[in-house]
Amino acid sequence: MKKKTFAIFVGPSVFMMVLFIAAPLLSILWLSVHVTQPVYEQVEVEICTPGLLGSVCSTELKTRPLLDESGRILTQTTFVGLQSYRNVIEPEKLRSAIANGSWRELMNIRFWSALRFTLVFTILTLPLVLGTGLLIALAVNNTLQRIKGPVIFVSLLPFIITPVIGALSIRWLFIGDGILTAGLEWWLDRDIAMFAQAWTIELMMYMYRVWHVAPFAFVVFYAGLQTVNNDAVEAAIIDGASRWQRLRYVIIPHLMPLVIFLTLIHLMDAYRVFEEIVGFSASAYVISLQWLTYEFLLQDGTGARAISRASASAILTMIGVAVLLGLPLRRVWRERKGS
Amino acid sequence: MSSAALRQPMSLKVLSNGFLAFWCIVAAFPIAWIAVMSFKTPIDAFDSNPFRVIFGPHTRTNIGGLSLIDILLGLALAGMLVRQAIRWLPGKVAEYTPNGRTGISWLVGGGAYTLVSLVLLVVVLPAVLGVLNPVLGPLGTSIVGLTTEHYEAVWIDRGFTRNFANSMIVTSGVVLVSLTVGTLAGYGLARSDSVIAFWLLVVALVFRALPHSVLVAGYLPYFITSAEWLAPIFGDAAPTLYGKPWAIIAVLVAINQPFTIWMLRSFFQNIPAELDEAARVDGCSHFGAFRRVIVPVMWPGVITTGLFSFLLAYNDFLVTSLLLDAQNMTMVPAIANMFNRETTASDEVQAIAAAVSITAPLFVLVLVFQRQIVSGLTAGAVKG
Amino acid sequence: MKPRHILLAGAMAMSASMAFADCTNTVPVKTISNAFPAYEIMTGVMAGCGNVESELDKDHRLKIVDAFSANPSLYSMTSLTNSTSVPMIDADLLRPLDDLIATHGSSLNPNQFIEIDGKTMAIAAFANTQHLMYREDIFSDLGIAVPTTWDEYIAAAEKIPAAGVVDYPIGHYMKDGWNLAFVFVNHFLGEGGEFFNADWTPSINNEKGVTVLERMAKLATLMDPEYLVSDTTFVTKQMQQGKIAMANLWASRAGAVNDPAESSVSGKVVMAAGLRGSERIASTIWWDGWAIAKNISDEEAAAAMKLIVASMAEDVIQANNDDAIWLAKGFVPGAAAKGAFDTAAGDAVPYPMNKYIGSMHSALGSGLAAFMTGDKDAAATLADIEAAYVSDAKEKGLLK
């Protein structure tokens, strides 16, 4: 295909991505090495606010920003290099934690504990999602023809349901004396509080993610199973291969490209884990990298936000994803070279 | 293929179907449970005894409920409708489909079917039961508490219909634009083996990995002040992007583009290049070849990709909650708004009712397009 | 329909029929506000006057600064509180209202005005605070006196399990983040603490800070162990379901705990004043009200002012008396408002209106959980929070 035709075909798509993804990305990069601050002055003001019984007045020394001639807040921007990154990863504390060999001390630094959770979450849920998806696909493929339709329908539900609502519905089952917690209490005959310690919350988040994403893996694998080469399976049967051997040596190699595809998608999505933290109110016990970014970005009560640290934390998250994606992508690259 | 060699031992059958049954319960239970909660008064809905939630004694005494005959007839009708949707509808749609435009005829057919089902369930059935119940004595007395007041509150008092319409506008916009732009790009990428094409795909992959909260917070100030910074280009007609559904559509299309072009590229790669080359030999340009040869055979892959775009747009929370104003708010942020700082228990049950309401269209969608999802994926959209 | 909707419909019906013949509005006005019931009522009245578009959004504070910086402003008016007023006033985005009040606002209560250097920048509609709510039946069964200080509260809580009626003696909004930090802020003020030194460097890592943390840990042992996810709604529900015997809760929830449609203990919960620390009542007073944009035309501003006045007319307040602790004329404090009034009559202070407390509140919000879960001791927690505050305030240019 000629360069020009290619450009016309791809142009609109690239234009939208540049405008709405690449441009903001560049500005994030710029923001992460700069700090923009209003220029403040100290003034004494008298403030009266309503009480229930009468106005409450006081004189306070207030810090307020200077305004320029057009009435906007006067700001100054300075280049700070990697200072914001240092503020996020806190290298001094990291060094002292390593020097003391204290895991606990390391986990008290927010960035590192967020990184710990994000990595464990990503890596632990990956085989669970792939395994559950494959099992469901095999089971559906094996079952009676006439119930396949309804089973596929039910299986897809957790995937299509709005994530915010899915997380909330699971939360309602467990929070306080939600019915599943009540059921567990009745069964084990002891008082259980699922939201009172880190490991139960983490467990619920893993379960939720597998519940939510496994159907996608299932439907992809199921589609893959429809294209398994029957000749190869028959040849294997003639060779006397057992059911397990057929799965291991014929079907799984056939599904391997799908495993890579799902792995890529899962690594990207799981590394951004965020909805679970919100949905399960987990932030007291565990936080993720995107939560950390979000927390910096969140305005405090008076409207200020830590844009520089948020940008730095976002860039660090991206670098993490790029590293994680490196492995499966190398394979894709080699195959391209090979073909 | 010799079926004897593939016949499964009983133990494997039991194990595999048992696992499937277990999975189906796990998959459906949370959704079924919030559906049950949405029909009860707050006192019943948040009770820790599951039987009180199901049977709703407080709801029954204070508002009313369903009798045995209501439940039986209702289930029978619903079962029949679903059965027909799976068995009868696909045939009918295929019969009336003009020259391969399955997507559109499915939309029309599915929509009409949903409408008829709703009328049967909501209007006809209650009318019939209203006559039957008093006559039937013990069968007709209510045993399960049920109230639709939360649905009424959501759809009538809170004007959820407007949110529904907004969701439809944004979702259909995203699906249409995303597919148009993505199909072109996917085809271009599939037919090009230049280094640029490869790196474009890799970069798109990295873009897909970006944390959305950062992107979206970056848009907000520009969207609000757009009338000022667009003024040099558009003059007085410069629009304020904030709150405009089409601006949201553009953002969601862009965010979804990496996934779309990856899916479609792999799909087009499985359409033999010889096809369009043959057309080009016959004197067609690249576009001509695309239109005449590729377009007619691309629908399975496009429908599958379109479904994923639909899910993304319909379920989006982050972008829509921050960049849309109340008049144009879609359903998901509208529900989130119901859980605000001053939420009361009734608000929460209303939010649950709303949550169940927005899940219903997704149900219909999957019911109708289930085959297309699998066949589209089988046809190659996931082979790369 | 819910009672509230009936009231709302009532207020709107009235607006159409009688009281607001003079509120007819011809200039298009757009409002943005929080989504409290009280705002639903007020914007409902405004809608009855015509040409008003209202946006009720609990995340409105994320938008208003940018939206009001635009010229013309995207909204004519916004709801405002102690803390959201700070960035708006700093960026000079609000219109001084004194002339408009002189022409249109004769029916307002002077107590409603927020004045900065003698200029009225906002008009409060209702107030909010936190105070004690307790189960009268349990207290009289066990013969417990109504506590007035946090120490008495804890002592009372320790006696409550004897009644065997409730799962946990108390509930408290200690959800990680803003709520948990807010508990600390209130208690620290109750101990007479000053958050900052004269140069705005932090001063919470001291005896008072440790006292507060120890008290919070003590309270945690008397609560549902899931307290770190319990926000105000959760505590309200615990109260409604009869799972707790008392709570120090937002006054705006006083109506809900006794609402027969939602509460299985309605009528048994009684309100009392906020509880004292060693110096003063450990509650803060909040106001909630309206302000008008600077970047709009004079006609639009006048129309907005007339709408604000109409939305707080005496008959509106009377028709919705128990939905908020109104500051406008016509409000008659009922049993639900008693706790709030007793708190205000004591020595509770307003939540501070400055930028530093915003930064401190955030630092507390992300730093306190480590102490509650036992990952850090009190001194280390407070030291880390001070460090987080300094780093945040430096990035925002508040500290050198």
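Note that the chains take the letters A, B and C in the order they are written out, and that residue 1 is the start of every chain.
The definition used in the following text is that contacts are C-beta pairs under 8 Å (C-beta built on N, C-alpha and C of every residue); 3 or more make two chains touch, one makes a residue touch a chain.
In this text, all values refer to a predicted model and were calculated from it rather than measured experimentally.
Peer 1: Looking at every pair of chains, which two share the most C-beta contact pairs?
Peer 2: A-B
Peer 1: What is the chain whose Cα centre is as far as it gets from that of chain B?
Peer 2: Greatest centre separation from chain B goes to chain C.
Peer 1: Just how far, in Å, is the C-alpha centre of chain C from the one of chain B?
Peer 2: 38
Peer 1: Provide the C-alpha centroid distance between chain A and chain C, rounded to the nearest whole angstrom.
Peer 2: Spacing between the chain centres: roughly 33 Å.
Peer 1: For chain A versus chain B, what separation do you get between their C-alpha means, in angstrom?
Peer 2: For chain A versus chain B, the centre distance works out to 22 Å.
Peer 1: Could you tell me which residues belong to chain C and also touch two or more other chains?
Peer 2: Residues 62, 69, 237.
Peer 1: Send over the residues of chain A in touch with two or more other chains.
Peer 2: Answer for chain A, listing residues that touch two or more other chains: 176-177.
Peer 1: Inside the complex, what are the residues of chain A that reach chain C?
Peer 2: That would be residues 35, 37-40, 45-57, 60, 62-65, 67, 71-73, 84, 87, 104, 107-108, 110, 175-177, 193-196, 198, 280-281, 283-285, 295, 298-304, 306, 308-309 of chain A.
Peer 1: State the interface residues of chain C toward chain B in the complex, per the touch definition above.
Peer 2: Chain C residues touching chain B: 1-2, 5, 34-37, 53-59, 62-63, 66-67, 69-71, 74, 232-233, 236-237, 240-241, 252-253, 256, 259, 261-262, 264.
Peer 1: Inside the complex, what are the residues of chain C that reach chain A?
Peer 2: It is residues 61-62, 65, 69, 82-84, 86-92, 110-118, 124, 127, 129, 175-178, 180, 200, 224-229, 234, 237-238, 243, 285, 287, 289, 325, 327, 340-341, 344-345, 349-350, 353-359, 361-362, 366, 369-370, 372-373, 375-376, 384, 391-392, 395-398 of chain C that touch chain A.
Peer 1: Name, in rising order, each residue of chain B that touches chain C in their complex.
Peer 2: These residues of chain B touch chain C: 41-43, 46, 149, 153, 157, 220-221, 224-225, 227-228, 240, 242, 321-322, 325-327, 337, 339-346, 348.
Peer 1: Show me the residue ranges of chain A that touch chain B in the complex, using the header's touch definition.
Peer 2: It comes out as residues 1, 3, 5-6, 8-10, 12-14, 16-17, 19-22, 24-25, 27-28, 132, 135-136, 138-140, 142-143, 149-158, 160-166, 168-170, 172-173, 176-179, 182-183, 211, 215, 219-220, 222-224, 226-227, 230, 233-234, 237, 243, 257-258, 261, 264, 268, 271-272, 274, 289-290, 293-294, 297, 310-311, 314, 317-318, 321-322, 325, 329, 336.
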